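For reference, the structure is listed below as structure tokens.
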């Protein structure tokens, strides 16, 4: 089996921006990209199937089988701003070679649709919960980084970004696609950090001047805060109930 | 060395159903597919040799060498119902890529023979012995799942199925081959769960309206129950003898 | 880099027998094949270089670099019996795929020279030192096994042989090359078991009616016995000196 | 993604010598090659991008993304001696196959520019700090080893060299490129051993009759000695401050 991209339609998009969000630390990028896709009612137009994903399948509530995969959605910006292409996947490829391959598949599609910019996201582990997480930014050039600093992001001066979210970002450079990577602070022990995802989307929203309703993320983030608080209380003698419910109910089929 | 399928004959089968059983939890699928193949006196017609199998060989009681491999048997249904193709293998491929490759090899053959349906099986670990195990079912579409519920299977609502038995099932979908996966409850600590295999075959038998003599499986299952009972007695001061004999004697060459 | 076989000469051999000995348990096969090659003054005619070997190089006493590799030697049998091709290598390939590939390379060369038989060897771990080790045999057909039983080998009824020595043997079968595998008992804790190698060569020698001087192996084997004895004495209060010297001095460059 | 070499210019060099330094024990080779490249103000002319490097990217102090990569620099020797090509990389490839592939990429380029000699370096772990480390040498032939002994290197009689620095050296031989590998003694617990790098460069400098200013390395080496001393004092009740600073500040982006 070879990696294949199956198209369900060929969207007409005008020099769109591509946003990518694969699971990683705190699933920050995945939560953010999924929220975006759902809030904007972006439309599925292509899927990636590949042996670079884990050898497993998952089932819907109806008992219907789904393959591990990547998904491309598109969104038309009726207010005249940039159209969007959103890429998400159930998981990051298990092997280094697979991560490079997926990054190439995504960037091939980005070039096919003449994207003007690629935005990837991720989490930066801080080991402690921060209610107002900072969002770090790296870019393919200095001007882009400076522009993002203007929107409130903090320059990521040095360090490494591992995994596919980093590779898509980095491999955009030799293809001459302007790209940025937004890394929101996340404690590292939350499996789905809505708070960090919200912070990343706020910056993203300013960059593209696309208003994104963040209410649902805020609700989840609030539940996270309460869960963290309950866990702290517990360690002092409190009582936990449904501590993980808020975060987990949005990702029922990913294992 | 490339993966190769060697044909020993080209069976004439009329829109057959393919059943697949590779070793996995409790070897449920492997035991079931082997029982089926032996009870129906299905005929070997092709073998798969490949470096996706472990780098080892095994020997018969006569000291003759055999390669690790997959086997295809066929069976003509003289009562007018569906013919069968049965696929088994000594083991699941050791690498994720190998599992995807084997699933593709099996489905290529399925398409070559115009199968009308693919049935894979597996075990669902319950951590405790259940005399009357439930059989869960997932399908490539909702109707198939509902049909199977009619035969006594329980809808698998959510969750993941790992390994080749899951991949053959899942990859059938984009090929438009209707497929189901039957997962029988198994304690997880039995290496060859005849009881679970019997439960899966009972459902399978209803689906295809093929009577399968399950006497041998029942005998093994009974020995399993007794072995489990002896083990329990032992932990209370009893005496174990040949506790694993019943289950293991059917699989002497697989290491 | 691709696997490559470099020929230094094209030996004229008349339907030769190929003997293969790669390192494994007790290095039985490697010690036996090397002894054979040295005693018969077999001539190097080809080498295998490949990334399936470990990413390292080794140095001679002169400080000259050598690659990890496989070697083919040939020997003309002036007494009219079978000519020999001897294959050895510094190590077994590190990956399963590499082991299959090397087995194919060896068998391709075997077919190119029309070998009439392939003989591979190996060790069978017994966990205890046996002065007169049994030699087990498996074959590509029943007659070959029976013939070997006539020479004193014991039929290997069931079980698995792992690694490249087993694969060369097993993959000979679909190529219709008669093949046997000789497994000599070895304690498992000796790194170079000359005693087991001697036992395997005695059987091999009878099969081909080639007298092989085993004096050097006997000397090493005797040193092994003494070393084992010293180790036993030590555990009862004795004094060890140079316990491993006998066995190790024949393999100074393999790491 | 395939491995690719991107050329930024095609330097005119006259039968140059190629020096290679990838990270390894004590990063001896990497520190030495980087020092050489900086002191000689060698010019970047080509880069290697490949999925054989880790799936990650790194960021400069400006927040600009860089891929993991190999770099080729060249240097014109105005005093009439040998021109130089210097190869370095952020890391050694993570897989054995990747290490063979990179060695081939480097030697392909070496042949393209008709190099007369390849010099690789490395560290030899001694487990203790030695102020005046010995430099061992292996070569593709005896004469080269003897020549290097004349410059103060010690013949490496036996043993193995693992990794890409060893492979480039060893794979030069079948290509008929004279090659040597210099291994400087290093304690093994220093991450960047300037002292060992200095020792290797002193020998290298004599071989090519290229004066290299080693002042900076000497400064770092001195700081290392002091750091080791402080660590010793500490274990006797002393006080450590910035013990690792000297060594680490030269390699801020490699993770």
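Each chain carries a letter (A, B, C and D) given by its place in the written order, and its residues are counted from 1.
FYI, a residue touches a chain if its C-beta (ideal position, glycine included) is under 8 Å from a C-beta of that chain, and two chains touch if they have at least 3 such contacts.
This structure is a prediction, so every number in the text was calculated from the model and none was measured.
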* Structure fact -> Intersection of contact sets, chain C vs chain D, gives none
* Asked: Shared interface numbers for chain B and chain C above half of all numbers used, same, or below, different?
  -> different
* Asked: If you average the Cα atoms of chain B and of chain D to get two centres, how far apart are those centres in Å?
  -> 55
* Centre distance in Å when chain A and chain B are each reduced to the mean of their C-alpha atoms -> 39
* Identify all positions of chain D at which a residue touches two or more other chains, and write them in rising order. => none
* In graph terms, nodes being chains and edges touches, is this line, ring, star, complete or other? -> ring
* To do: Identify every two-chain combination in which the chains touch.
  => A-B, A-D, B-C, C-D
* Structure fact -> Per the touch rule above, chain C residues touching chain B in the complex are 96-97, 99-101, 103-104, 137-142, 145, 155-164, 166-167, 169-171, 173-174, 179, 181
* Contact residues on chain D for chain A in the complex? -> 1, 6, 49, 51, 54-67, 94-95, 252-253, 255
